Structures are given as C-alpha cells and as structure tokens.
C-alpha cells in the first residue's frame, strides 16, 4: 500500500539499469542469479518487497567484491501472478539465460510449476517462503517456516493464556488444511479441543455468517489461518462487530505479508503470532538490514517476513558458494548438506541436511500498535513435519511433495 | 439497472464499485468525513467516470448486446489496470465507522444495519422515481421504444446518458459503503460482479421487482448454505440455483411470475 | 373432394387475457390455395405461428395428414414436407443465394442431388443472375423471392406463407403472383395476407379472421362482397 | 472448379506452416512457441463455436481447464500418457455436449448463453479451488485445490512411458497437432454438417424452418469445440507440468475471447493469429513493469470492438490473396461474413 509513484518509478529505473548493466560483464566473469517473482498481478504485495530486498542483497554482495571474485548478474522476470508464466520464464532462465542459481516462487503452485524444470537442468533452486511443508527434492532448498515450527510454539502458548476450546478459520488450500491439521494435533497433545474448523476460499470477503457461528460456539480463542487480500476483511469485520474485545485470536499468517499495516492497531492489538522474524528483533544484523533497506527504498513498512526469508536465502546460498568455491549445483549442495549455519537478521539459521529445510529460531509475539512485540524466543526449531516424511540422506533421489498424514 | 433499462450488460459494473471504494478511501485518508465520502463523493465521481465511458465507448454500441458485453469487459480490465498502476495490488482499507453492539449474548455488527437501511432507502426511492415521477416515465418509455420517446421530443441519447450515470453512481455508492467492511484490491469488483450480474439477468426485465426477488432468493440461498456448510457451498449453491432458474424461466423471474410489474 | 391435409380443432392461443386465437376449427385440402385475411390483430399471424410450431398453442389440436403436431417443434413440422416462410425475410444474410438454397435442398438429398436440385429451383424461380450474391446485398423483393426458392428446394407438398407481398413494389408483386401460381401446381398453400388486391389475383378460397376467430370462409368474390367483412376492414364492430 | 483454387491455397498454407514450424525456433524460444501453439488451438476452438456456430461462449476456459485436469488426473492414475490424452479430449467434449444439450434444448440464446457458460466456469473454478482437503481424491490423484496438481506423467511416445516427448520434440508435436486441427476444422466447416452449422449461426429460425434440428447441430458443434479446447488443455498440462485452478478463471476465458476478437473469428486463421500475437505481447510485457497488463489488453479489446470488429485476419488474408493472386471464390466470401457482423446489421460493404 505504501508504494508511491516515485518509488514505483525508481523501481522501474532500477530494472532498466539492471538490464543495461548486464552486457558490460562478459558471460564467464559473472555469476547469473535467476529470480522469478510476482511483481505485478494479485500477489505483487508479496513479490515486490522480495524483489527489492533481493536486488539489495545482490548489490551488497557485489559492492564487497562479489562472489568468487565475480560480480553477480541479476536476471529477474515478473511472473505476473500467472502460473503459465512461471513455467515459461523458468525455462527461459534454465535454457536461454543459463543461470547458476534461481531464487523465487511465492505460492506453492508456482514452486511446483518450476521445480522439475530446475531439477532437470540441475540448477539449484531456493524457495524462501513460509509454506505448508513436505517438499522432498535434493535440488531445492527451503528456508521458510513450516506449520509445525509455528504451531508447536503458538498453540500451547495460546491455550495456556486463554483456554482449551479452539475455533479455527483457515484458507481453503493446502497450507490452510495442513496447518489446521497441525493445530488439531498439538491441541490434542496438551488436552485442548478444536471445536470447529472452517475453510474459506481465497476470494471470500464476507465473514458475516462465520462471525455469527463463532458466537454460537463460544470458543476460548480463535486461530486465523486466513491468507490474502480478501481475507483481511475478516479482521475488520471481526473488530466491527466488537468481537475482538470478547474472544482473543491467534494467527499463523497475519503479519507474514505485513498485513498489520493495512489494518488499524485497534483491529490487530493482542493477536498472538509465531514467526522466525520480527522487525523488533534486537541484533546488529537486523538493525543493519532495516537501516540499509530504509536508506535504499525510503522506509521498511513493506519489508515483510517473506522478503526477509528471501534475503536470508540469498545470504545462505552466497555463504555456501564461498565455502564450495564454485556455483555448481552439486558442490553447493554438498556444502549446504554439511548443516551449514549462518547468522542472519533473524538469528541463527541452519540447513537441515535431511530435508533441505531450515532449522530456525521461532519468536512468539503479540501485536501491539502494529508491531510484533516478541514475548518468547524458541531457539533452533527443526522442521518436524517435513522430517517425518523426507530423508534425503537415505533417499537422495526422492522427488515429490508429501502430504503429511498426522 | 443498466441492464434492465438499456439492454446492456455491463461487465465493468464491479469495477465501478471498486472505484467507489477507492474514492471513499482516498477521500477519508485526505481527511474528508466518511459519510460524505461514501454517500456523496464516491457516487458522484464514479457517476462521472461512467458518463465519460458511456460517451466514449458505449454509446457507439447500443443495440449490439454482445459487443457491449465485450467492450465493457475491456473497460473493466482497463480500470483494474489503471487502479493497479496507481495503488498497487496491496490491500487498501479504512476502518468501520460504527461500532458493534450486543443484543443478548450476540455481538451485532452495527455497520450492517446501516447498509441495510441504505439499501432499503435506495430500493424505495428507485421505485418511487421510476413509478411516480415524470423522469421515471420518460426513462421507462425510452427503454421500451426509443423512437416513441424521441418523437415526443425527448432526446433518447440524453436519457441513456442519465441512466448510465445513475447506474454507475449507484455502484459507486455500493462500493463506497462496502469499503470499510472489506480489504480493497483492484480486482475486488470481479468477485461481486458475477453475483450481481446473475442476480439481474435472472431477475429479468422488470427492474425493481426482479432485482429484489432474485436478490432475496440468491441472498438467502447463499447465506443458508454458507451457514450450514461453508461459504464455498454457499456460492456454488447460488450459481447452481441461477443455472436452474434460467433453465426453468429463461426470461427471468419477473417475466415469468410477476408479469407486467415494474 | 380432395383429402384433408391439415386441420385444427378448437385451437386456442392466449397471451395473458388476450385471446389471439380463439377456438379455431380450420381445414385445408390437398392442392388447395387458401388465403387467410383479416385486419391487423385479427390473430392470423398468431395462427400461422401455431401451425408452424413457432408458438405453442394454449389448447386445442393441430393435425397434419392425420398426425397430431400440436406440440411439435418447427423443424419437425418442416420435415413433414412443409415449406414455411415468415413475414420478415428470414434468410442467411451472410451466405450467397446459391448456398441458402443448397442448405434447404441438402436437408432431403445427398450432396450431388442437392446441387442438381438447387439448379432446378434457380431455373424455376428465375434468379439465375444473382446466385453468387450474398443475401445481405439484395433488395427486399429479391430476398423474398430467394426465400421462396429456399422453401421450394425442399419439394414441399404444403407451403405456408406469411405476407409474401409485404413491402413489395408493383413489379415484384407480379413476379410473386407468378411464383405462387407456380408453386401451387405441386403443393397446397396457406397464405396469410393483408393486401386485398394481391389476394384477388391469386386465391379462390378465403378465410377471414376477426378477433381471433374465423368470421367467414368462402370464395374470394363473395367475401369481398360481404358487408360484415367490409365493416371489419373499415374498423367497425360487427 | 472453385474448389481447386481453394485446395491450392490450402496446400500452400500447409506448406508455409511447415516452413514456419522449422524456421521459428531460430527466432523465438521453442518453449514459448509451444505455449503459443497451445493457445492457438484453444483460440481455434472458440473460433469454431463463435465464428461459425454463432455461439459466444464465455467459458471456453472451462473446457481447457477440464482437459488439463482430466489429463493430469488420468496420467497420475494410469502412468502412460496415451489414454489420458484421449480422455482429456473425451471428457470435456462430453461435458460440453451435456451442457450444450441443456442450453440449446432449453432454447437459451445470446445473453443467457453467455451467463450460463460464465456461471458454469465460475462453479468449476470455485469447486476446483475448494478441493484442497485430502478427501478430494480421484484414484490416486489429489485434486489439490488452489495449489493444483503437480508431478504427473507428461506426454510420452505411445506405449513407451519412459520416452518423454519434451522440449523441441514437444514443440514439433504441438505444431503438427495444430496443423491437423486446422485441417480438420477446415474440412469440417466445408462439410454438409459445417455448412448447416454456419447456416444456423447465420439465421437460426430459417434453418429450423428448412427442417434442421438446430439444437442438435449446435450441441454437436459445441461439443467439438469443447473437445478441441480439451486437447489444448492436455497439451498445456504436459507443457506446464502442473495444472492449477487458474486455468478455469474468467481471466483465462477473457484472454481467449480477446485473441479471437483481435484475430477475427470470421475465418479459422483469425484466432490463431490473435493467440500468437497477443501471447507474444503478454510474454514481452512480462519483462517490464511500467504498464499493467490488464490495461494493455483492456485497451486492445475496446479498440477492436469499436473500430476493428472483424479483427486482423481479413486484412492479413487480403494481403495473402494478393500475394497468391488467387481469384475470389464464393466459398471464401462465405467465410468472411460472420454472425457478429450480422447482429450489427451492417449488411452492405
């Protein structure tokens, strides 16, 4: 929402500059960094900051001498929130541009649309987004937080705070269903009860009947696993009916795209969340990131969790390349699989060799005045869900996304 | 309304709503009073935009039903494109001006009552306008047979313009009123338009009675199924209901049941 | 007497409260040429639509060669061997004259025979000069003629025409009269018509419609001499 | 003898198409070309029902999506691509047949037809979108809701599940299928069935008065269009290696209609031109961020409806004719007149 015209134009100028700068390096002297992100279309709210932060990361690396004494060339395409364009541009990156690595993809569908292409061409693919878990493929690295990592901290804390009767509202797609299942599992483990789970298609914007239903059920708290622009209406309608004063809420999604900036503080105050990042984290790397981003793009309002993960994914890859001394897929993979661990703005981040997912710090936070105030830190949480089904050490040729049965 | 009167299917109607919503939000953020913004400014501005589009595009296409459908579809895409370029795809919204209150154990969304009141007011005044005023008579006459109205000395062109302006303004109003309840994105209109469109087409040519009967029918079908199952079933039930109705009553509800009504 | 080929019993067609066709009993015999006349709104066009399946009658029955066709679709009625022409020229404007006629002939013949049939009809209706023209390019009178050619191409034994002379100039009307006589040599005909002069030049038997019912049925000369009919046409109530 | 020049045109056309097929990959990446060809087949399917049958279907994407999903589901269950490929044509064709029968036997016309096809597309879109929960399984294939179905067997040489047809080979296969589809339709619209359909598109009542069962013809034509869209869908699924509910979206339907309008539906080549030109445009627009895509396509749509309702094909083909110096035949004239023009009543050129 805060994208004004000036910044918009400067973004475009940066793109043009990037294109123009390209040919000045000869092919062998640059490392080609491929990027596929939705910087237009309905998901550009997620994609634009990711693109911005990625460009910044590459600039920073280049400014300090690049990788392996080579400059990095950013080859990015706007996939326009369109799955066909993902397939198409993925092939362009792999076959025509012959990039050395690809970072990108936002929705799970977009990841699945391009994953096989990069696997076939053996180009390492980094998917740096919070998602539903279960992908098992040696060619992909994922550092986004998965449902188990969030839910195992969030639900016990919420139950302890508010009570045992839970009402879940979830987006009707894989992420929503899987997260809802994890909520059920963890609730059961601590003796709480999920009284109802309701699923909403992503374009539902009218929650009137649901709010009525919640009032009939009288849960101790509700958990929102709602996703996307239309679902934001829920928080608004919830507050408009005055329910936010009566029944507290936890969420696994609110704030991942900085949704709190669209809502008022009154509508979001007191909502409990658990992520691997918050702007409020007090460490040097985070302060530096926020300052750099702010210096480059004016403010940090749009720097959300996904963008942060994307930034950290790029740092992880760069670290692996430095150690491997090569950008070749096999060598980078080998380094990553040693359990590579780096310090990032969100704290220590470790590659899980078994799943190619990440072991992360999870911060239980509460919204206050549109900020995520950290209440408690859970260090180095493993991706338990994916670990249940995926072991690339024993089965390196695995190539699928598991639906985890709980 | 535009469909009933002018035999035009306006695919851009949802986008007029979306524009109304954005107008309201921009005005409120600029410091205007929210009621002024959504009840006066939004309809006026959207009405003007509608008028402009009518002059530029639609008036060349009267009587070419399919072409108007296509052209308005194009307009809808243009409006979405322009709004996206100005505001981006990120959700815009403002907060609701009326607080909820409790009835017994239940919290009620006060703003919903406001919407219901406005809707009732609109339907009543629309009915009154069409049925009892001279303007209404002229408009109805012109829609029946433009030549007759023309021979009576009224310029059908002007009448079309007026109607289109009013239709657009009404959608602007609707968008303005809904703005505080939902998160607004440029493609917001498309979600509503299918519903509104079906409601109107199924309702048939008698504007007010048709609209109210089909809207009531679909509204209740949607809510009942949404309450019992979930919103997907609500929507699917609504759509199926529309298909079945069109199959049984191919001329719309009013043509088959409320014959000769307004 | 010739065999009865078409009859209606108590045929009714009501629109709301308006009885457009009211208890009509009508019979037509083989090779007969019958005109239906009556003032505007007398119900003759509605009757035409009922016969041809374009409207579904409210009640009553229609029999064509003994078969009940009351609720049949137009194409089914047409397939009995009945040629139908509506009031407004009902042709395929984007196709050529030849193609228009071909489509009709092809319905009953294979491709080769259809081609031959088209040539025959073109010969018969004397439109050889315009076969390659598109219907949309033709004048009104020509379009009417082509439509008759379309009707003829199917070799009908019964032809039902709704105001074939409407909107035609004097010369066109003469041609039309010739064509109708030509058709009548091989088929029975029902012609809904308004224009008295035209009727006089073609018909013997005439049925007069008034307010949805049959007012009288007689030879054209007697009908024209009848005072009631004259009143009806001048707009007086009977 | 009129047909002779027609056959000559056709043979030259096919020859040129084959030349294009061999030359184009040197100018445009073949994976992009494959997609353009798939879009062309989809556009062709709408061109058939719209331009020749006079049926404006706002839901051609529904059959496209249905084809893609059928392919994906059967490919997962069967594992070899030949049968799924055929089923991906049969399922949408059957669906179109049933839907068409309901609509045409119910005597719905123009606007209502548009509404029903639109609504059916929406229902499918909603339904597929809401199948995320694990109980939505068809055999071993999970419908996957919003995320779609990834990881299915892509096109292989019939009988050899491990011999994938992909990359350049896939492009050639698509191109050949396009040429075959075009030829198939070319002969279909010239057959008795096709001519009657055109007649019906021109004037339904006249066709009925002659004695044709209009409902039957329209239903069959609609089913053929559905099957062809399904074929495009199956190829798409194989190309993208994932199917998502977006295939059913109104946006996808809108795109097909815009291709047809830009190309012109008055002849079969029109939709192909439209799909290729706009497909390329969309692809290149994806490499810039200044102008929103919707805006561009909306403007194109409005301009064509207002000023160029016949689309580009008539213009292109008149140039083509000059090049060939072939005589105008009645038969070609016939293709030029579309129902769309008729509704407007500009009968005289």
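Going by the order they are written in, the chains are A, B, C and D; count residues from 1 in each one.
We take it that contacts are C-beta pairs under 8 Å (C-beta built on N, C-alpha and C of every residue); 3 or more make two chains touch, one makes a residue touch a chain.
All figures in this text were calculated on a predicted structure; none of them were measured in a lab.
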Query raised in the report: Which chain is most remote from chain A in terms of Cα centres?
Result: C
Report summary line: The pair out of C-D and A-B sharing more C-beta contacts is A-B
Report summary line: When centres are defined as mean Cα positions, the distance from chain C to chain D in whole Å is 42
**Report entry** Rounded Å distance, chain A centre to chain C centre (Cα mean)
**Finding:** 74
Query raised in the report: Where the centres are mean C-alpha positions, what is the separation of chain A from chain D, in Å?
Result: 37
Report summary line: Residues of chain B that touch two or more other chains sit at 84, 232, 235
Report summary line: Residues of chain D that touch at least two other chains are 126, 129-130, 292-293
Requested in this report: List, in ascending order, every residue of chain A touching at least 2 other chains.
Outcome: 40-41, 172, 199, 201
Query - Listing of all chain pairs that touch each other, if any do - result: A-B, A-D, B-D, C-D
**Report entry** Interfacial residue positions of chain D with respect to chain B in the complex
**Finding:** 56, 102, 106-108, 110-112, 114-116, 118-120, 122-123, 126-127, 129-130, 250, 254, 257, 261, 291-302, 305-306, 309, 340, 343-344
Query raised in the report: Where on chain A does chain D make contact in their complex?
Result: 11-12, 15, 39-41, 77-80, 82-85, 87-89, 91-92, 95-96, 107-109, 112-113, 115-117, 172-174, 176-177, 199, 201-202, 399-401, 403
Report summary line: Residue positions on chain C within touch of chain D in the complex are 52, 54, 73-76, 78-79, 84-86, 90-96, 98-100, 102-104, 106-108, 111, 132, 134, 136-137, 150, 154
Query - Interfacial residue positions of chain B with respect to chain D in the complex - result: 9, 57, 60-61, 64-67, 69-71, 73-82, 84-85, 190, 194, 197-198, 201, 232, 235-236, 239-240, 242-243, 246-247, 250
Report summary line: Contacts from chain D onto chain A in the complex sit at residues 29, 31-32, 35, 126, 129-130, 132-134, 142, 144-148, 150-151, 236, 239-242, 244, 246, 283, 286-290, 292-293
